[in-house]
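You will see chain A twice below: alongside chain B first, and alongside chain C after that.
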Partner chain A sequence: MDKSEVFDVIRDNIEEVLPRVTREQIRMDGSLVDLGANSIDRMEVVTFSMEDLGIKVPLQSLAKVDNLAGLVDLFHKHLHESA
Partner chain B sequence: MRVGIEAINLYAGVACMDVLTIFKHRELQIDRFDNLMMNKKSVGLPNEDAVTCAVNAAVKLINNMDPDEKDRIEMVITSTESGVDFGKSISTYIHDYLKLNSACRVFEVKQACFGGTAALQQAVNYVASGVSPGGKVLVIATDIARHANLNYAEPTQSIGAVAMLVSDNPQILEMDFGAIGQHSYEVMDTCRPETELETGNPDLSLLSYLDCLENCYKRYEEKVEDSDFRHTFDYLAFHTPFCGMVKGAHRKVMRSLYRTKPDVIDIDFSKRVKPSLSYCQDVGNVYSATLYFALCGIIDNADFDDEKRVGMFSYGSGCSSEFFSGVVPHSAKEKLAEMKIKDRLEQRYALNTEEYESLLKLNAEWTFGIKDRPVDIAPFKNIYEKTMAGKGLLALAGIEDYHRKYQWT
Partner chain C sequence: MSVVVTGMGIFSSIAPNLTDFLDALKSGRANYSIKMVTYGSEEMPVVGSFLEAFDFKEQLNSRQSIPAVLKEKALNAGRRAPTAIQASILAAMEAWIQARLSEHVAAEDSVSVIVAGNNLTNDYIAQMHRTYGDRPEYLPPRFILHSMDTDQVGTLSEIFSIRGEGLTTGGASASGNVALIKAFQLIKAGESDIALVVGPISELSPMIFQGFDKISALGGTGFIENPALACRPFDSGHEGFIPGQSSACLILESRLSAQARGVAPLAAMLSGKSCLDANRQANPAMEGQIRVMKEALRGAEIDAGKINYINAHGTSTPLGDETELRSIQAIFGSGKTGPWINSTKGLTGHCLYSAGVVEAVTTILQMQNGFIHPNLNLVNPVDDDCMLVGSQAKPAQIRYSLSNSFGFGGINTSVIFAGAGVNGTL
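== the complex of A and B ==
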């Protein structure tokens, strides 16, 4: 799975958690906070995406990520490592 | 042997502040207000501390007991993350002001918001061990907010205590003995690393809470045959740092474990979880006591035509957590009603912004480690007169050579 596919999984979950947000608004260089996600929304996007990808990322490294590109990189790295 | 909570009472201070007003006053983003699902939070007066909250929660339970029964209290376990001495436990003061039998073991436990559960489980095990048949344990979870350098923590930080009498006569909650799933590991999420500071990473704490809930429940399920998160528990009580967190956590478990659809999750939330929030949303986060505020909320506000099983999740940053369960008998509602919790919460004095700021400043003067200082009522006399005076509550009178002196109002 490449990074754009990982991004698609995250985008699907953002659309589910934040129905107000359109797919076009979700950009790699943006952040969940920019999209209006509160703390509960953010954790839902992150945990639902991990479930869909079948990965478990250490919480400490998740807490350091502050934009979507960083999240895609982190998930992609873990997919690659667990494969 | 039946073992569990015989009697319970909570104390949530005498003054409160409207949470939306704090948002406006601090110019916090209003769209984050709904996420909290909070109405009010309790605010302490300068003559209130972890000891006074504890005693004020416990005194009604103790006064309801016969002298013979009272003498069977053989242990006082206090949990707090707001202690007043590194060595001497606050149980010593509590034991003294409640005039308990000196044939008693007194100590304090700490593990952030998990502390209350740690204390309760110790008490349950003492009673169940049969080491002293008929013996009772007084468990008190008590906490006072410290200043947090986290904007969105302020609207939820609160004060208060819950007192529980644990015995072989569980009229409030009979524990499902041994039905427990635990999950603990080292994480630096939220903490009190300095005597006057609460700090940490709220997002990390949220993720850790959820991770623990799911892992604890899975372990509970492994131990308890035929258990099912959707059907085994009539009601659910979770540690409630803010009510929105509980809603998110319930949704996460239902979705992850059973792929439940959002509309079904919402119905289940209203039915099984919402009653637990009835006091939490009007009090705020009382740290190690909060889970038991949620339990009181269920007993007072849910339907108990028959006995009901409650699933409980305790989480304390750092972190330690467990999911356990118990049965609330039909009679619990009548017994808890005697404590008039709802009335007392409604009677709290509603502070305006000016009074709130003034109390925050005065409270900040009562730092850890003061050697000598009397309490001067004058700067908050107006609030004191309206709330504590003549009410028979315990209040701090002052500190003399590090020894804390209390008096009944």
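== the complex of A and C ==
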């Protein structure tokens, strides 16, 4: 799975958790906070995406992530480590 | 400060709205089936009146009268919520619109929300445990919100912009009446002008079903071949309670507030009382039942003879049904001069936490429409010396009614309503 496919999974879950956000508004250089997600919404997007991708990412590693590109990188790295 | 009812709503296993519910009450329509419940290695059939799966968005869209803004808020707050929350929203929405609160902007801090029952989420928690017990990393973060009873309070307050008091009332099977009584007290005390009282559907986990079965509280084992006959309050063939799933809502309001808003009351709530038996067990006791009904009459300032209809607790449980009839006869007398008596649980099943609210809605619908609904499956009454309604609805003009709910832990409650046409009460 490449990074654009990981991003698609994340975008699907953002649409599920934040119905007011359109797919076009979700950009790699944007953040979940920018899209109006509260702390529980953000964890929902992360948890659902981890479940869809079949990976388990330690929560403390999320502290260094400050935009969606960072989340895609982190998930992509774990996908390849677990493969 | 007198208290009136200005709105009602229901979302039930026998009807999705008030109009259909009224039709079910008149015709004696029920909806019993069997569900297989698995707990560990035990698999048991449970007879009940179960809410069928529904599409929350479709249900909201099918209701023409919901203003767009309110519908949007309900969808946002409820679309991913557990079934019990969605059912509460649908019942509350119907009541809110009937009370015309969607047109009138009340002072938000004068409106309260009271949700009947506690341990409302045990089946949701059990479901989440089954799904995520061996992969906890994927437990949905919103689980912790949905696991708490207060999720009902918070969700309803968000949708209806309620900023007064909010609480849940635990009273086992009497929780619905306890909620009505607390709302009544809030309005009487001048703390709130309006109280949204919501009885949520009971969603029992397999372990809870097993637990009720262990103490032989559940009925139905003799009726597996014909579940429609299992719930038979006051009939000598009763075995135990038959669970039901209905969510109901009643809006209580001070008479002055209703007048100021120009909303005609549907009924008046004259009193509501609750008392204990000093007993932690599951058994009913005549002394407490008699005491609470007398206290309710005293609070309403009416004589027992004025009550011409009693919506009984009547759970289809041998000891419970017989005890309640004896308590009623001790106050209201026996024979043909006593009040009409029926049990809504024959039609809806025992809705547990919401039972008191479901039965208040049922009581007021009968008062408004001049009839008394049938006692389903009443063939051989456990007591012939009282006015139990038979298998057909009876026409009746109810002026004053009393509704009982009793709960495990010796909790006794009674509430009294007067019809909209009764002089001096509205």
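By definition in this document, the second predicted complex is superposed on the first by the 83 of 83 C-alpha atoms of A that agree within 3 Å, B and C clash if a C-alpha of one lies under 4 Å from a C-alpha of the other, contacts with A are read in each partner's own complex, and residues count from 1 in each chain.
Just so we're on the same page, a contact is a pair of C-beta atoms (placed from the backbone, for glycine too) under 8 Å apart; a residue touches a chain by one contact, two chains touch by 3 or more.
Just so we're clear, the structure is a prediction, and the values are computed from it rather than from any experiment.
K.L.:
Could you look at A:36 and tell me whether it touches chain B, chain C, both or neither (first, second, both, neither)?
P.N.:
Only chain B is touched by A:36; chain C is not.
K.L.:
So which one touches more of the residues on chain A, chain B or chain C?
P.N.:
B
K.L.:
Contacts for A:60 in the overlay, against chain B (first) and chain C (second): which applies, first, second, both or neither?
P.N.:
The answer is first: A:60 touches chain B but not chain C.
K.L.:
In the superposed arrangement, which partner chain does A:50 touch: chain B (first), chain C (second), both, or neither?
P.N.:
second
K.L.:
So which positions on chain A get touched by both chain B and chain C?
P.N.:
40, 43-44, 47-48, 51
K.L.:
If you look only at chain A, which of its residues touch chain C in the complex?
P.N.:
16, 19, 40, 43-44, 47-48, 50-51, 56
K.L.:
Residues of chain A touching chain B in their complex?
P.N.:
Residues 36, 38-40, 42-44, 46-48, 51, 59-60, 62-63 of chain A touch chain B in their complex.
K.L.:
Would you mind writing out the residues of chain C in touch with chain A in their complex?
P.N.:
76, 79-80, 137-142, 145
K.L.:
Once bound in the complex, which stretches of chain B touch chain A?
P.N.:
Going through chain B, the ones touching chain A are 31-32, 35, 152, 187-188, 201-204, 206-208, 210-211, 244-245, 247-248, 251-252, 255-256.
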